[in-house]
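Just below sit the structures, each encoded as structure tokens.
Two complexes are shown next, each including chain A; its partner changes from chain B in the first to chain C in the second.
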Partner chain A sequence: MRQDIASSASPGKSAAVAFTVASQLVGAVFLYLILKADGGLQIVGLLALLGLGFFILEKQPWIAEQAMASFARVPLVSMITAGIIVVGFPFIVGSNTYILHLLIVAQLYAVLALALNFQLGSANIPNFATGASYGIGAYVSALLAINFGLSFWLTLPVAALAATLFGFIIGIPSMRTRDTYLALVTIAFGVVVQQLLNNFEWTGGPNGLVGIPAPSLFGHSFADPLVVFGWRLPSQANFYYLSAALVVVAIITAHRLHSSRIGLAWNALRADEIAAKAQGINVAWYKVLAFAVDAFLAAFAGTIYAFYVSYISPDNFTFLVSVTIMTMVIVGGMDNIFGVIVGAFLLTILPEKLRAFSDYRLLFFGVVIIGFLMIRPQGLFPQRMRRYGGE
Partner chain B sequence: MAELLVQQLVNWITLGCIYALLAIGFSLIFGVLNVIHFSHGDVAMTAPFIALALVQGSMAVVGVTGPAWLLLAVVVAVLAVGVIGIALDKIVIRRFRDAPAMMALVATVALGIVIRELIRHLYPQGSNPHAFPRLVSGMAFEVAGVSVSWFALLVVAITAILVTLLFVFLRMTALGLRIRAASEDRVVARMMGIRDSRVFRATFFIASAIGAIAGLLFASYAGVTRFDFGVMAGLLGFSAAVIGGLGSMPGAILGGLIIAGIEVLAQTFVPDGASYRLVFVFLLVIAVLIFRPAGLLGRTVMEKV
Partner chain C sequence: MSTLLKVENVTIQFGGLVALNDVSFSIEKGSVLAVIGPNGAGKSTLFNVVTGVYKPTSGRVTFDGTEITGRPSYEVVERGIARTFQSSRLFSDLSVLDNVIIGMHTRTRTGVLTALFRPGVARREMDECVRKAESLLKLGSGDLFEQRYRPAGTLAQADRRRLEIARALASQPKLLLLDEPSVGMDETETDALVSDIIRLRKENPDLSVILIEHDMRVVDAFPQHVMCIDYGSRIAEGDYATVRADPRVQEAYLGKAAVHA
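Here is the complex of A and B:
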């Protein structure tokens, strides 16, 4: 056994290539099956399979080690495989707009979860206001588009700017309050924003905003079907690729930040705030920065969501939405980019699929979350040690 | 104007007492377990449903109904919710007492979803609001042209009695001493031979039973109950406990009165205040925590390195 671990630390190049391609294809096929699955028995079967997979991972940790080593060995291959899978997925799904819709929402939630991960995962700062930042992004861009006819591409940065400002404002109390008290401050901000959206005249009140125009790029309206080399994809495919691009941006941002001094400072904050302060880290600034980055990314997701569904209401941005995003980060694995994305996909697709249990789906959802937290409290993919080059 | 003021004063004290009772539960549990029991509001709001079910059940079985049956149902509901609290602690919450704080928070939020959904499915037509009777009716006396109801007096009396009992219990009994010891330092308390499972059981029973009384009073005050009332009840009770200072009993009462006060003030004096009341409540929460980061009566703990 020991020998196995030692030799698996540096797999051969061809083995690594085979492993990365195979594991990503298995993942994609599994995602496809879950999306296609329909009816209680199939879902339960696939969930059992998933549970079994994680059970094996738990018992045989070298599999995960091996996977990580393989991905690190041939990063280019794994990225190209992932790219092909993501680009090719709509072609396989074909005209099934429901599956595309689920994927779009899952990708947007993946971005939100990655945004929150900067705080909850990297720096261990609770934030129950990500839903509010998401809402601010959606409302700002929708209002600009409806009232001033601004194009989607122009509203995107404006919405992000507005939300970042909001992030800074929530960040300010974080300099003084901590833990549970800070959690309440963010809950309070979230409720205030949601209630204001619900009550203001100019945000449409509880009815929300209707008729947000579809964006267009190089003369191609996103409301039209996407035609590629004679393949005709439904109009949702436009937004699928748009949100996929946003996920890529979020991953790159997360990765770059994680390996920068900022990410290091956040990790230091998580480990010990006083020690970090003693090391000369400007604790207050990095805390506020975490809030701002979270809000910035969340606003992007909000803008795409608003233009995608073309109808938003305060109900889309409640306290429970923020809790769901937090759950995604915790269930997926804090400070683990891959884990957070898996968590977001799982928790977006699962409730939809649980519709097979019709009325009992929320109950089931709650039980599943509690079960996850009890059985694997460190998340599906636990955070890994930082590696500082070398061995 | 004077009439309005007195009327609102009565409303404020009634509502404030109910919030204070909810906040005491949050504070008690946090003090002992260091866990935010976010589903406490939902636990509390199961009480009216249990009481209603008992009243209807007794009507179907025995065929009689009356104030005595209602009282019996209420007492049974309070005890039942206390037991539910113990069960939830045993099954779920206890496992998170050493986990990071946010994990316990998320787990108990999920627990709240489960409790609400269970009420919705187990109670006949659980999705609809159900009328809940006033526990006592009629007007007690008149002040400045405003008649004060027996119900308002009942709420104040119950709160005063419960707070006194709790105080006596925590200060004068052996179990109370153990609870205080465990909330001060669980590890040292264990070393002194305090079995913490008993302390947890007692704490959860007391907190949930007091919450149940708050839930019954709230349903009675509103005249109606619904499966999802627990969300707001929990959020407001939690806010009251936090701005008062978690772990502090007088803080919880003060917090409850403040939250209820701002709610009543907003409804009375701000145009369209009823729909904006939550905005005012939570802006106040933010303001309090900016200036008093550990709550109004909370102890500021110096961190030792």
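Here is the complex of A and C:
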């Protein structure tokens, strides 16, 4: 009966256009302000504003309904607006390489969080090995590039396939264990991978791999500044656009799987495994599949990371990385693509911006996370019901 | 008429407990079998053996000419056996409509590659599922269709039972196993349930149904073939009047003293 109210009050076209454009601009401005913010007071002020926004969203659920209806009404307008904002952002940031760096890392984490979301969000499989898949992607592509001179674009699919294989391997014990025990198995896998990277000679041991060559595209090296119509952007802009493209790929992947029978099957086994089996779902296969898809996307992020920083070591892919990714999914909102991305951005940018609190940085970070989870217990943007047809 | 499901000498033990002891029965295509018996007699265990949840210690289950003893659940569903659960097991955080669409899992084909690289094909299949699911929801008693975007967990008890049946039917079964479908329904709702089943059989003359029931109102509506189980053994089989009159059945339900009093 609720959808009747929603559809009768569904926004007009021009209102929807105004709303989608305005809300995305507000989001972009907020992101810009928080990236630019300097000093504790500004950060606290912005966080308070964000908290207030989510508090209102929690108390007035119709706002979210209306927002979703607006975006659904004019999907093309919202996508074009988002595209313009993403493409234009580096021009506004200008030569500030630190902000660009933060954005690249945030985007890579958004991909990792979207990858984990297939498992944690859709299927409720606690996987603490996403960091390991990320590392495998990074190492495989770096080794191929350093030892065999393979180009970035070739290492990308190879690294993804290698990590997918790893995903299948950790997926197999998932057929036999579940919940807490499965979490332990994945923690073990993650630690083992990190230890192996640390101890093998051919991975460079604790020193890692140095001198990963910058990728190039149509003769343009990613180490060079990007010049567009006379605008000169720092070399980080290359990787900014590359990781933005990967985020788009991840969103499309997530969206297509979520709205197909595969996403439904994952949701089914999350809700009730026995009932899922009784609907003819091969539960074991779908669990392994979730591991494989997770590892595949994580490896893409790993590859871009390796070529971006040109130096990787086992310390980049610790258990802590996996926990961070998991927190992003939980804080952002399980099984909500947009929420997961917001979670990834927030949790990447926040610890950097809290440096003003020096020694109390992590304490404050923890308090902020707990604060947001108290305001929005289901995550910043919780899971939504699927809608079908042109409603 | 030909035999659809044949259960031969099935025994299942959990440690020292014999949950089913040498049970045999069969059901014809297009007929209804009602299974009755006291709580804990092994009726639900019987469903679990047929649907591949449990592997029997000994004995054979044959469905539609193929042996399915101990085959995995997903294969059994694919072959055409659908079931509902005694304590309704809906996907409570998903919508009513999604619950039914998930029931079509074995009748749809989209895999990861199709979903990713041929989104048009995947979407058409999903649209078809939505259409079928909506017509299934319109079919039964109650107003499930109007509630199709509600989370299944928020439905009233009678609607939950109806949704379980709709979800089971979504897999286009040849054999439908209903585990106490009338639990939590009042008399009007139970009557509606009975007419739902009757109408279903009229529309699909080949559909066979096995009902586990405590409500004799329902059993009375399908009196041709009734089986009574007690302590894991089949103690009586025949039409409702015969089974009801059987002294062992009365003993099982009322106790020895009451029957001989």
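Everything that follows uses one rule, which is that the second predicted complex is superposed on the first by the 373 of 391 C-alpha atoms of A that agree within 3 Å, B and C clash if a C-alpha of one lies under 4 Å from a C-alpha of the other, contacts with A are read in each partner's own complex, and residues count from 1 in each chain.
Just so we're on the same page, contacts are C-beta pairs under 8 Å (C-beta built on N, C-alpha and C of every residue); 3 or more make two chains touch, one makes a residue touch a chain.
Nothing here was measured: the structure is a model prediction, and the numbers come from that model.
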{"item": "Side-by-side fit of chain B and chain C on chain A, or clash", "value": "fit"}
{"item": "Chain B versus chain C as contact partner of A:H101, first or second or both or neither", "value": "neither"}
{"item": "Chain C, chain A and chain B - angle at the middle CA centre, rounded to the nearest 10 degrees", "value": "80"}
{"item": "Which superposed partner A:F365 touches (first chain B, second chain C, both, neither)", "value": "first"}
{"item": "Contacts of A:K277 with chain B and chain C, given as first, second, both or neither", "value": "second"}
{"item": "Touched partner set for A:V185, first chain B, second chain C, both or neither", "value": "first"}
{"item": "First (chain B), second (chain C), both or neither touched by A:R376", "value": "neither"}
{"item": "Lowest C-alpha to C-alpha distance for chain C against chain B (Å)", "value": "6"}
{"item": "Those residues of chain A which chain B touches in one complex and chain C touches in the other", "value": "274-275"}
{"item": "Residues on chain A engaged by chain C in the complex (per definition of touch)", "value": "1-3, 253, 256-257, 259-262, 264-265, 267-268, 271-272, 274-283, 289, 293, 383, 385-389"}
{"item": "Chain B-touching residues of chain A, taken from the complex the two chains share", "value": "120, 124, 126, 172-173, 176-181, 183-185, 187-189, 191-192, 195-196, 198-199, 274-275, 319, 323, 326-327, 330, 359-360, 362-363, 365-367, 369-370, 373-374, 377"}
{"item": "Complex contacts: residues of chain C adjacent to chain A", "value": "51, 53, 72-74, 77-78, 82-83, 85, 89-95, 97-98, 101-106, 108, 110-112, 114-116, 119, 122-123, 125-127, 129-130, 146-147, 149, 151, 167, 171"}
{"item": "Complex interface listing, chain B residues touching chain A", "value": "30, 36, 92, 95-96, 99-103, 105-107, 109-114, 117-118, 121, 231, 235, 238-239, 242, 246, 272, 275-276, 278-279, 282-283, 285-286, 289-290, 293-295, 303, 305"}
